[in-house]
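Just so it is clear, A, B, C, D and E label the chains in written order, and each chain counts residues from 1 on its own.
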Amino acid sequence: MSEEKFQPKIVAFVCNWCTYTGADLAGTSRLKYQPNVRLIRLPCTGRIDPVFIIKAFEKGADGVLVSGCHPGDCHYNLGNLHARRRFILFSELMNYVGIDSSRLHFSWVSASEGKKWVDVINEVIDTVREVGPFKKYQKINKEFVLHE
Amino acid sequence: MSTHHSANTTLSNEIFSNTSLNVLQCYQCGKCSAGCPVRNFMIDAPNQVVRYVQLGFDDKALTSSTIWICASCQTCSTRCPQNFDIAKFMDAMRETALNKGIKPSEKDSMEFHKAFLNQIENHGRAYELGLVRDYKLKTLNLMQDVEVAPEMLMKGKLNILPHNVKDKKPVKKIFAKSKGGRK
Amino acid sequence: MIVGYYPGCSLTGTGKEYDMSLRKVLSLLDVQVEEINDWCCCGATSAHATNHLLSVALPARNLMLAQKQNLNELLAPCAACYNRLIGSKHEISHNADLKKKVEFVLEEDFNSSTEVINIVQLLQKVGKEKIKSLVKVSLKDIKVACYYGCLLVRPNAVTKFDDAENPTSMEDIISATGALTVEWNYKTECCGGAHSIARKDIVTFLSKNILDDAKLNGAHVIVVACPMCHSNLDMRQRAIKKLYPSHEEIPVLYLSELIGIALGLNGKELGINLHFVDAINLLQMVKAEM
Amino acid sequence: MNELREKAKELLLNNTVKLIIGYANGNGHNRTYPFIARNAADANRLVFNEYCVNNLAVYLTRKEFKGKGIIGIVAKGCDVKAIIQLIQENQINKDEVYIIGMNCNGAVNQLDNSFEKTTLAQKCINCTVRTPALYHALIGTTKDIEEPADTLGEKIKEVEKLNADSRWDFWEAQFEKCIKCYACRQVCPLCYCEQCIVDKTVPRWIESSAHTRGNFSWNIIRAFHLSGRCIGCGECERVCPMDIPLSMLNRKMSIIAKKEFDYSAGVSLDSPTLVGTYNMKDRQDFIK
Amino acid sequence: MKIGVFVCHCGENIGKTVDCATVAQRAAKIPGVAYSVDNKYMCSDPGQNVIKNAIREKKLDAVVVASCSPHMHEKTFRKAAADAGINKYLCEIANVREQCSWVHDNIPDATDKALDLVRIAVEKVKRNIPLTAIRVPVTKRALVIGGGISGIQAALDIANSGFEVVLVEKEPSIGGHMSQLSETFPTLDCSQCILTPRMVEVYQHPKIKLLTYSEVEKVEGFIGNFTVTIKKKARSIDEEKCTGCGLCIQKCPIKKKAFNEFEEGLATRPAIYVPFPQAVPNIPVIDRSVCTYYQTGKCQMCLKVCGREAILFEQQDTLVTEEVGSIVIATGYKLYSIDKKPEDSEIKGYGEYGYGKYKDVIDGLQFERIASASGPTNGEILRPSDKTQPKKIVFIQCVGSRDEQKGFSYCSKICCMYTAKHAMLYKHKVHDGEAYVFYMDIRAGGKMYEEFVRRAIEEDGVKYIRGRVSKIYRQNGKYIVKGEDTIAGMPVVIDADMVVLATAMVAQPNASKLAQTIGVPYDKYGFYQEVHPKLRPVEVSTAGVFLAGACQSPKDIPESVAMASAAAAKSLVLFGSDYLEREPTVAVVNEANCAGCFYCLKVCPYNAIEKKEVKNKLGEIIDYIAHVNAGLCQGCGTCNATCPSKSIELIGFNDEQIYAEINAFSESFV
């Protein structure tokens, strides 16, 4: 391959109990995935505020993944259910202003789903790679830096 | 279905890339062979053919009569505990054998398939009398079915003239392009 | 009800009585069939045993023809054709790469939404009650072994029709005629259809096992929904008798023929006279005409 | 008019309410402004007409009124929705507000400098609360009015039809204009936070300088914080000096709330809030 | 602030794909990092000393350890930091093993990522503040759910240590599946004989409160302080009055109608019954679904014959609450039932084996009952259809196990052994009989297990055939079993009189419901998920909850008992101290900014948010704002994300820390 593949920057906000542990399991099982993701560990998807996602884009992320426990599996019983409702509203809003599901991803990955974590993260990276660098956001970022 | 494949033998790789069947999924329980209705006519059991491919004995697998005796009834696939589609595997083996120019040990079956497809290529539909004629000339099984053929003719079950589709071109084209696509 | 009709090659030749009886029965049941214009062979076992792409492309062409005739449902009475049609559609929709290849071969986009159904499914749609209401001849004195063969139920993930190991839908339909159905073991065992011509020995052996088990479980008749099964089970009984002189013949009817008898059609109208094994005794049992 | 003034006088004189938040006539123009009536004389200055477009509910959360006895308010149906929402969010005590509900025949937007040329306000199109859902006294009557087409809904649909990049471009062009004057926040009855997130400095989630990047996050987060809460009074858009179509954001969120959760803000005191509740059956087809 | 960074090689585990020396060098340049070093094994004593010495010598304020997952060694490193004199919450972990070196192959990529993870952790730790663990009292009392052998063992171990136990069993008697077994491998001792004394001990134990015919409805609270609501299903019997005389059972007119669960459907029972003669407690229960009185309003025969008036037709289900400090889950397993495909399940069933259709095709537990001296045939091997002695019997292993298509891909572990036992028992009882076992592999790992299987083959002449059976059908009164001997490469057809299927052990059908009630993760099969497969096999991620027996995965009696004792020991560890230390990651309210909208209260899963009065100088209430009850807060942070003005924040994961982490991300890619 002559031309350099675009390496997207992905930030993943994950809950400590399910997805983070599932990602650990992927490691324990020595499954492989692409290295373009940086995880930020939070106690629960309930802790994930939409401002985190916007800030991640502002800081240069090409894609964001939010991942937690399946409904019913939440370590805090209900955190992910409140989060889910918040994500419905926020993902619709983001889509409306032009950040669609190719850049903003959500998943439920349980502590036992190491394989699913690998599949999800590879899919997210591939999808974001397909749509390319988030030039639109980088433009307003750049202008901002100049402005400052 | 497993997407990971590392048997790394020629044939297993070829089958994996053509059909996504991973022969390593087979754990040799023999349930396919146990339920195979034509097992008694085989020398190698179906699971043994899979085993040959697992071990890289590709020729042994491709020349086994088993792949031609298989009646494609899919009983094996339906019951395989590992969800390995053995019937599809057998299809792939036959197609591979043909592409590699390996003479099927079951020559007659092959001749039948050839004669059958020939009919369709030329007429668009199967035409039994022509089919039987072509097949018998090839295999010299001239006396086969003498006990039923005349009566079939009499009962109007064997058509004397071929059925033709009105427009033969599309079907011919499908044949031509499919052969091309096989390579 | 209007339904598309794909007779397939067999129904124009060895299985022509299936075609005859089916058209008559369906018209009595107020089902109109609309044959696909200029359909071609589905490729049968020969294609899929030797050339995968061809085996998908031929049915795909027919599905596209059906689509162009705006048919929502397509009846494929031959179990082999049914299996090839529904199987190809499944494969194309689950394999984008194959879809591209098929479109290359067909030289058009494949977008057929026509649903392929078998005869049992069609009769289920007509409804047992409807059949029951039209029964003129009760078949209560005969015991039927329903033979599904391989291709109606397998692979179950594709056909999604009935239980793969112990199907009962044909029995259910037949109960509308008053006939009794027997429990037996060879409902879904293969008759060796693909080997019909090249390996007569295999077919003879498999057919004998099927026939024997049906008789052992008290059946007077075997009912099939496939012309390949029919020719193996009906025609091969002569060869079986040669090998095993003690073999007692058992008539083999198409599902449409059995229902036709119940609906008051006579043997000739249904093409029962075209069978190799005489069904006269059977017809006499229910006091139906040949 | 007299009915309102009489009622106001009665309430003030018998000490039912401490004061009444209402509208009074401006100077010579077809214009009204918010007015606090504290006695019978003040009551005589109260008016209610099609120029009373302001949502006065915003004053109810003011420190100077809160906890100071029962406050009367002249409220249209849409204003009452805001009051209901405020009660649900514990911002006002429902026993400490006296709603003088106004049967409303639509308010008008004042478009030109002379305040002569008028059209029916966007919020009045397809209004379902011309008689308020909650009131202590009800004044006036409703009559049939002519309603123009709902252009806001159409505008939203047009943006929805664009591809993601074009949607982005549309909004970028809008947010670029924002000068961070916060008039939208100031006029919004539901922006009652003691300290707005945009004013928070540790950490600074939203950059406060007027630049597209900070503007983008400000407007998005504001729309998100109002989702399931905005009652659609349109005051933010009305006061925006840069003509940012903020209603296109807020209405869109209301449409989502209706579609996904069959929820409308400010409709009844008994319905649970949208955020703060969940349903096991909430949609999750977008979650892998 | 002076931060130390410590990069662990974990032998080759990290070092192979992450260039640890480079990471350490580059980390030194991160602002605030005063010291940075790599080491072969950070978690080892010398490794920990590197950290401790650096803290002391370099006067570090905080440390970041780049190593394995925080779930592995966060505790270790925090303790090391604390030993060296800094607050343990000023230690953060960068997970460069599970989430970096083990999942990536490319060294430059993995090294870059590792450095990023370090940077993120450094930025977070800069904003960490010293915290003190929260102390909560411990209720020294345990709940054991499930009264099978695992639950019995766990309950006895805890009770014998002097602590109270509440044992909840959903069936009318304790004993579980073990009470159904005939003899146990590899010693062939009688199952009932070794189990019954334990059951009685439970019943008579002064420290054990036994609640049979009861189910856990609700669990609230947290480790050391659970409040459990238990539903006592109506037995229709006054347990105080009943003497267990059994007269009611004898006189019940519904003699042979009801399905006998204990006998696995091979026998029937009356409407009022005890499951089996040795039942504990020996108190009957009325099966209302078959009882004539409940169906028609007439009969009341049991009431008429009961000398103690102990029959209570009007009895209702009751709820009882219990305060406990730990919970042991020992809910066991079910056998894969293949006769009928369950709705909304992916199980396809084995139509080809005819289970459910043929009476003489039975499962392992049914054979246990047939072989049991107390069973429906008094231990004589007779086939269910016609009560004749089968002369040819076929056992099929791995039915439902190791079968992705029709069952589960896991191995049920015990079937090899119990099939060998079954075949052996059969041969001991039917000397002229033939026994065939179809197997794929023999998995006889265990003390005296392999020897046991060899005995079946060599001494008792059981014929083992390697291959799976494809079909069973009935012909001429025989069951035709079609298999393949894959060693000989030959088809095998056996005309058997009876077939025993070694069906898979599966999770209880309502396992996920209980899991959600308690907050226990479970795997895709419904088995409960332990925290660590090797080092913490009886703990789950919810602290204070422990697992015992087959609810965690298929296992045999000795393993279940060992696990039960382990779970008991874990509870006792908890009861060893009066107070527990809890993570201080709780939410706090910025009272000056709180507008009192109480969305936080609405979303809090623990009701930890209270309304706090705000008073003016005159002492009048002028407003309400939110307040967190730190004892109830579990630290999920949902309130923090919901609060529009961020006036409630989660300590340890506050906005500033997360902002810094996101910010670190941006630097990392520049």
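The rule we apply is simple: contacts are C-beta pairs under 8 Å (C-beta built on N, C-alpha and C of every residue); 3 or more make two chains touch, one makes a residue touch a chain.
Since the structure is predicted, the reported quantities are computational estimates derived from the model, not experimental observations.
Undergrad: Supply the minimal count of touching-chain steps required to go from chain A to chain E.
TA: Graph distance in the chain contact network comes out at 1.
Undergrad: Using only Cα atoms to place each chain's centre, name the chain farthest from chain B.
TA: If we average the C-alpha coordinates per chain, D ends up farthest from chain B.
Undergrad: Weigh C-E against B-E on C-beta contact pairs and write down the one with more.
TA: Between C-E and B-E, the larger count of C-beta pairs in contact belongs to B-E.
Undergrad: Among the chains here, which has the CA centroid at the largest distance from chain A's centroid?
TA: Ranked by distance of C-alpha centres from chain A, the top chain is C.
Undergrad: How many Å are there between the centre of chain B and the centre of chain E, using C-alpha atoms for each centre?
TA: 49
Undergrad: Between chain A and chain D, what distance separates the C-alpha centroids? Give it in angstrom.
TA: From the centre of chain A to the centre of chain D is 35 Å.
Undergrad: Measure off the straight-line distance from the CA centroid of chain D to the CA centroid of chain E, and report it in whole Å.
TA: One centre to the other, that is 53 Å.
Undergrad: Taking each chain's centre as the mean of its CA atoms, how far is chain B from chain C in angstrom?
TA: Distance between chain centres: 22 Å.
Undergrad: Can you list the residues of chain E that touch 2 or more other chains?
TA: In chain E, residues 352, 603, 642, 655, 659 touch at least two other chains, as defined above.
Undergrad: Give me the residue numbers in chain C that touch at least two other chains, ranges are fine.
TA: 164-165, in rising order.
Undergrad: Going by the touch rule set out above, which residues of chain B reach two or more other chains?
TA: In chain B, residues 40, 75 touch at least two other chains, as defined above.
Undergrad: Provide the full list of chain pairs in touch.
TA: The list of touching pairs comes to A-D, A-E, B-C, B-E, C-E, D-E.
Undergrad: Contact residues on chain B for chain E in the complex?
TA: Spelled out, the residues of chain B in touch with chain E are 27-36, 39-40, 44-45, 47-48, 75, 79-83.
Undergrad: Considering the complex alone, what residue numbers of chain D touch chain E?
TA: Where chain D meets chain E, its residues are 66-67, 89-91, 192-197, 200, 202-203, 205, 225, 273, 275-277.
Undergrad: Name, in rising order, each residue of chain D that touches chain A in their complex.
TA: Residues in contact with chain A: 159-160, 164-172, 197, 205-207, 209, 211-214, 216-217, 220-221, 223-224, 227-228, 249, 252-253, 256-257, 260-261, 274-280, 282-284, 286-288.
Undergrad: Can you tell me which positions in chain E touch chain B when the two form their complex?
TA: 352, 398, 402-407, 440, 466-471, 482-486, 489, 491-492
Undergrad: Along chain E, where are the residues that touch chain A in the complex?
TA: Contacts found on chain E: 69-71, 95, 97-100, 102-106, 109-110, 112-113, 116-117, 120, 512, 515-516, 519, 521-524, 529, 541-542, 585, 603, 605-606, 634-638, 640-642, 650, 653, 655, 658-659, 661-663, 665-666, 668-670.
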